[in-house]
Amino acid sequence: MRPVTIERGWSAQAEGSALISFGATRVLCTASFTPGVPRWLAGKGTGWVTAEYSMLPRSTNERMQRESVKGRIGGRTHEISRLIGRSLRAVIDTKALGENTIVIDCDVLQADGGTRTASITGAYVALAEAVAWARARGHIAQKARPLIDSVAAVSVGIVDGVPMSDLAYVEDSRAETDMNVVVTGAGDFVEVQGTAEGAPFARAELDALLDLALVSAAELAELQRAVLHEGE
Amino acid sequence: MRPVTIERGWSAQAEGSALISFGATRVLCTASFTPGVPRWLAGKGTGWVTAEYSMLPRSTNERMQRESVKGRIGGRTHEISRLIGRSLRAVIDTKALGENTIVIDCDVLQADGGTRTASITGAYVALAEAVAWARARGHIAQKARPLIDSVAAVSVGIVDGVPMSDLAYVEDSRAETDMNVVVTGAGDFVEVQGTAEGAPFARAELDALLDLALVSAAELAELQRAVLHEGE
Amino acid sequence: MRPVTIERGWSAQAEGSALISFGATRVLCTASFTPGVPRWLAGKGTGWVTAEYSMLPRSTNERMQRESVKGRIGGRTHEISRLIGRSLRAVIDTKALGENTIVIDCDVLQADGGTRTASITGAYVALAEAVAWARARGHIAQKARPLIDSVAAVSVGIVDGVPMSDLAYVEDSRAETDMNVVVTGAGDFVEVQGTAEGAPFARAELDALLDLALVSAAELAELQRAVLHEGE
Amino acid sequence: MRPVTIERGWSAQAEGSALISFGATRVLCTASFTPGVPRWLAGKGTGWVTAEYSMLPRSTNERMQRESVKGRIGGRTHEISRLIGRSLRAVIDTKALGENTIVIDCDVLQADGGTRTASITGAYVALAEAVAWARARGHIAQKARPLIDSVAAVSVGIVDGVPMSDLAYVEDSRAETDMNVVVTGAGDFVEVQGTAEGAPFARAELDALLDLALVSAAELAELQRAVLHEGE
Amino acid sequence: MRPVTIERGWSAQAEGSALISFGATRVLCTASFTPGVPRWLAGKGTGWVTAEYSMLPRSTNERMQRESVKGRIGGRTHEISRLIGRSLRAVIDTKALGENTIVIDCDVLQADGGTRTASITGAYVALAEAVAWARARGHIAQKARPLIDSVAAVSVGIVDGVPMSDLAYVEDSRAETDMNVVVTGAGDFVEVQGTAEGAPFARAELDALLDLALVSAAELAELQRAVLHEGE
Amino acid sequence: MRPVTIERGWSAQAEGSALISFGATRVLCTASFTPGVPRWLAGKGTGWVTAEYSMLPRSTNERMQRESVKGRIGGRTHEISRLIGRSLRAVIDTKALGENTIVIDCDVLQADGGTRTASITGAYVALAEAVAWARARGHIAQKARPLIDSVAAVSVGIVDGVPMSDLAYVEDSRAETDMNVVVTGAGDFVEVQGTAEGAPFARAELDALLDLALVSAAELAELQRAVLHEGE
C-alpha cells in the first residue's frame, strides 16, 4: 500500500471532516449533520446517511469538463456516490441515529488511482466526527450507539500476475483484474466489486485478491482508530 | 432457479433479438449492428459494443416516472447499462469485430427481480445473432471469431440463512446478502458484485454464494447454446 | 386495413393492459389506476386520465437515440402523448370516475406505420380493463359509468390517387395526404388531423378520406367490443 | 372575424417581419435568411424553412413561467412550432429556394385566442419579405419562384351551436368544437386539425366548420396580398 | 443620449407595462402583481420584487438560438436579470409593499446597444404602474409608500478618448471602457459596473464617466416623472 | 485586510496552481494549459484564457446543493466565472500567447467572504505559473510576453459608516455598500462593481471606497510578486 494519511478537522465549517491521502490521491471528505430527515422517511424514527462524490476538473492529468457545466451527472459519479452511501449505511444503526440526516461529500482534489476507496475510508472518519459532534450537542442521545463498526475500502488487482493492494493510476491501468472491497472493522464484507479488465479471472485469483484485501483493510481500520483517538 | 426461456428473433427489425424470461421477469433484448465506430475509436481497426438498459414505466408493481420525462437517467439505470456493456465486451474480440458497432438495448417489459442478470443473459443471445447476421452479409470476415466465449449472469443471495439462486422480487427484498455474478461459458468470472443488504457477510458466506453462482451460470450457458443452435 | 389483433391482460402487474398489432406494428398499452388526483384537481370530485407514448429505440428500422439519453422529449412524442390523452378523455365522464387517476402508457415495441392510431385503439381496451378492475374493488361506485363510449383511431391517406386505410410505413411515406381520425363507437369525431405531405388537398379528397375513416373505425370498434366481451 | 391588421417591416434587423393583430392578439413574426442549409440537407440543392413559436411570459392573463427558466420546451409550444413550419413549407418550392435557410420566429406579445393561426398568417408575410430580400441581393435567382402560393390559417368553432370564425379567448373556452384550418391562397387545405372539446362532433358539424374556414381564409389571403403589394 | 421614448400601458393584460426605446433599442417591460410571496418569505410581512430579462431571437443583427431551445439560461441573461432585480429593490420598501410579489419581465424586441439600461429605466415605469394598480384595488394600503424613489440606468463609455452616454451597438463595440450606472431620482448610486474592454482605465477616466452618468440619469428620471404624471 | 497567504504549486498535475487564503476563505486555483484554441478562434493567431468558479457544497456554513445535481449553473456562479475570466484577459496579450488556451479553475474549499476577489488574486498566480511552464516547454516563444501586468482584486465596503477592506462573511452581511474592485499591478482599474446593499450611496462614499481599494490592491500585487519570485 502507498502511504496513507488522514488529517482530521480540515474544514472549519462542517460537523465532521477529513482530508485523506493515498499516495498522491487526495480527497476532502466533509460530513454535514442536520436534524430531520427527507420527507419519505419522516415519522419512522430512523435517520438517514447519504453521500456525494465528485472530482475537481483538474484533479486529473487532463482537465475534465465539470458535470455542472454538462448539466448532468455521469454514470461513474452516480455509481461511486451510491457505493459510498451504501458502505456507510452498513455500519450505521439508523434507529440509534434518530431522525437526523448526515450527508457526506467526498471531493477529489487530486486523483492518482483509488479515489473511491480513499473516499470511503475518509468518509468514515468524517462521519464519526459528525456523530460525536451531534452527541455532544444532544441531537443524539448519550447512550445511543449509531456507529456499529468502522468501515474502510481498498482496491486490489493483479498486475503482471501478482496480486497488489492500493494501485496507483499507472498500475491500475495495467491491472488485469480490478477489485474494490469494502470491509468492516470486524473483518466482514460490505461490498465486493470485481471486474475483469482484460481476461476473465478464475476462482483462485479471486480468492487471492480477497485475502489480500482483508489484510489491507485491517491496516486501514487500525489507522482510522488511531486518528479518531487522537482528538480525545 | 425459476424457469428460464429465451425466444430468439422476437424483433423483425433488429439484427439480433431475444425475449428472455426469468419467471415473471421479461426483458426484450435487441442488437443493432452498424458499420463504423464512434469518432474516438476511428482508424484503430477495432469495433465497439455498448448497451443501454431501461424499464417500461409499468413494468413494476407501481408505475415509475419515465426517465425521459424526468429529463435525466438515474444512477441505477446508468450502473446497469454499464454493467451489461462491460459483461459483453469481456467476451468480444474487438479486433476480430473490425470497425463495426453493436448497440444492445435491454428493455424490461415486466419486472419481478433479476432484471439485470436476465438482461445480460439475453443480451448475449441477441449479440450472437447480430454477429452471425453481420458475417452472413460480409461486414465481418468469414474467418473472424469476434465472440471468444458466451456470457451469462445470475443473482444469488442468502435468504433465511440459505444460499439461493435467481431471486424473485419478494425473495430479493428479504435477502440478507445480494450478489450478481457474471460468468463466461468457460466458468471464469467477468464481474462479481456483492452487497450486504442487512448485516455484513463473512468470507464463508461469500464462498458459498460463488459456488452456487457458478452452478447456475453453467445451466444458463447450456440454455444459451441450445437456443442458438436451434436456428442452424 | 392490415390484420389487427388485440391481446388483453398482457401485463401481470398493470390494472389494465393490451398488446395491439396493426400488421407488423406492435404497441404495449398499460393502464395504471391510482386513487387520488394531481394537486391542481384535488377536491373537485372529478378524476383524471392522461397518457404517455414512447418508442423503444430499436422499434424502428434504424435505431433511434433514447429520449432519456437526450435528456428531453421530442416534439413528435409530446404531440402523440397529448393526442392519446385527449382521445381517451373524450369518452370518459370524469365525474363518474371520481377522484381517481388512470395513466395510460403506450410503448411501441415494433413500428411499421400507424403507431399513434394503434396506440389509441389499444389504450381504450387497457382503460376499459382498468375501469372494470377499479369497480370490482370498490374504487368506483357500482352504478357509475365512467366510460361513455368506446374510442378508436385510424390513419387514412391518398396513395397514387386512391384513398387507403391503415397505411404501413412504406405506403405512408408515399402518401400525398395523411390523416389521423379518432372516432367514437357511436361514429362521431373526436379528432381530425389532416396534413398535406405533398400538394395541398381539395375539399373532395378530404371528404373521401373522412368517409373511409368512419368505415374503418367502425370495424375497430367492433373488434374492441369483441375483445372486451371475451373475458366476461 | 375580429379586425385583422398586419404591419410589415416592424423589425429593422430581420430580413422579413410582420406584426399581426387578430383583435387583441398580437404576434411579432420575423424571418431570418441565411445562405446555406443544415448539415443533413447539404449538397442536395434544396433549401429549408422552419419556425419557432413562443409566448412572452406576460402575454397571457396570468403570468406563465418562461420555458427557458423551466429548462425545456412544453408540448404545446413544440406542436405549434411544428405546425407553423409545415404550413409554410407547403407553399415553398425548396428547389427554387436553393441551398438557403429561412427561420421564422413567431413571438406572441399579447394573447387573446388564435395565436397559432395569427402566427401562420403573419409568418407568411415575413417569409415573403425575406424571399424578396434574398432575390434583390442575388441569393435567389431572379427567375426562381420559391413561393408557390400564399398560406393563411383560421380557427373556427361551434359556440352555443353556431359555427364561428376566429374565436377570442373567452369564446374559445366556451367552444364545443375547436378547429384550426390552414388554407392556401388557391383554397386548398394544408392542415385540418379539429378537436372535440366537449362532446364528439358529427359529420355535419365538421362540414359546416370547413365551409366557414374556407371563407375566412380567403379574406385573410386577400389581406396578405394587399399588404405585400403596398411596398411595391 | 439617443432619443428616449416611453410608451405606458402597452400591454392590456399586465398590471403595469412600458415599451421603452433608446434609439433603435426597444424593450417591452411588464409588471405582474400577485398577492402572496414565495414560500421562503412567507409570514415576514414583507413583499418581493424580482425581474427576468430576455432577448427575442431576432432582436439582434444575427439570429441567436433561443435559451428555451438550448435548455438553459446563459450567464449574460442571468447577470442582467439579477441586476434589474437589485436595481428595483433598491427603491422599494418591501415592508410597505406588504406580502405581495411583483415580477418584472423585460423582453428585448430590438437590440441596438444599451438593452440592460433601457430595461431598468422602463422597468421602473412598469413597476410604478403596478404599485398604483395594487393600491387602487386595496392590495396595498392607501397610506403605504412602497416606492421610496425612482431609479434609472445609463451606459457610459469612452470612445476615441471622449466620454459618451448611451452608446449604440456600433459605438459600444468601439468603446475602450464601458460602464453601466444605476442611479436613483435623488442622484445616489445603486450600482456601478465598469469594465475595461481594452486597456485598464485610470481613476480620472472613471471620475469623468461617473460625472456624465449622473447628468444623463437625471434626464431619464425627469422623463420617467413626466410619463408617469401623464396618466393622472 | 485579513492575513493573506498564497501557496504555489499545490497541485501536482496542473500546469499552474495556487491555494490562496484570505482569512478563513480558501480557494484552490489551477491553470490548465492546452495547445490550440476553441473552433471559433482558430486560425486568428490569438490565444484564449477563460475561467470557471465553483464552491464545494460544504464550503459554506450550511451545505448547499451541488450545481451538478441541480443540473444547471446558477446566476451567481456564472457571474463570478465571467468576472474572473475578464479580469485575467485584461492583463493577457492574446497575440503573444499564440494559439494556446489556458483554463483557470477556482474551487472554493472554504468560504468566509471575499471568495471572488480571492479567486482573481490566486488565479493570476496560477496563470503566471502556466505561462512560465508553457514558455519552458516551447509552447510560447521565448521572447513573447503574454502577461502585460499582474491583476488582483479586493472587496471594500462601508460598515457602520467606516470604509473597510476585505470583509469577512459576517462583516459583509452588515455592509451597507459592497464593492469589488479589480486592479492591475500598475494601479489601473479593470473592473469596478459596486452595489448598494441597503441605502443607495453618494459620490463621496464611492470615492472613499475606491481610494481604499487601490491601497489594498497594491498590497496584494506586492504579495503576488513576492510569491512568484520565490521559485526563481
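Order of writing sets the chain letters: A, B, C, D, E and F. Residues in each chain are counted from 1.
FYI, a contact is a pair of C-beta atoms (placed from the backbone, for glycine too) under 8 Å apart; a residue touches a chain by one contact, two chains touch by 3 or more.
A quick map from chain label to UniProt name: A, B, C, D, E, F = Ribonuclease PH.
In this text the structure is predicted, and so the values were computed from the model without any measurement.
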**Report entry** Co-neighbours of chain E and chain A - touch as defined
**Finding:** F
Query raised in the report: Among all the other chains, which ones are in touch with both chain C and chain F?
Result: none
Query raised in the report: Which chain's mean C-alpha position is the greatest distance from chain D's?
Result: A
**Report entry** Distance between the centres, which are taken as Cα means, of chain E and chain D, whole angstrom
**Finding:** 33
Query - Centre distance in Å when chain B and chain F are each reduced to the mean of their C-alpha atoms - result: 50
Requested in this report: Indicate the whole-number Å distance between the mean C-alpha point of chain C and the mean C-alpha point of chain D.
Outcome: 29
Requested in this report: Let me have the rounded angstrom distance from the C-alpha centre of chain B over to the C-alpha centre of chain E, please.
Outcome: 59
Query raised in the report: Touching two or more other chains, which residues of chain F qualify?
Result: 71-73
Report summary line: Note: in the complex, chain E contacts chain F through residues 72-76, 78-79, 81-82, 86, 90, 149, 179, 183-184, 186, 188-196, 199-203, 206, 210, 214
Report summary line: The residues of chain F that touch chain A in their complex are 11-14, 17, 24, 28, 30, 32, 34, 52, 54, 56-61, 63, 66-73, 77, 103, 105, 107, 109-110
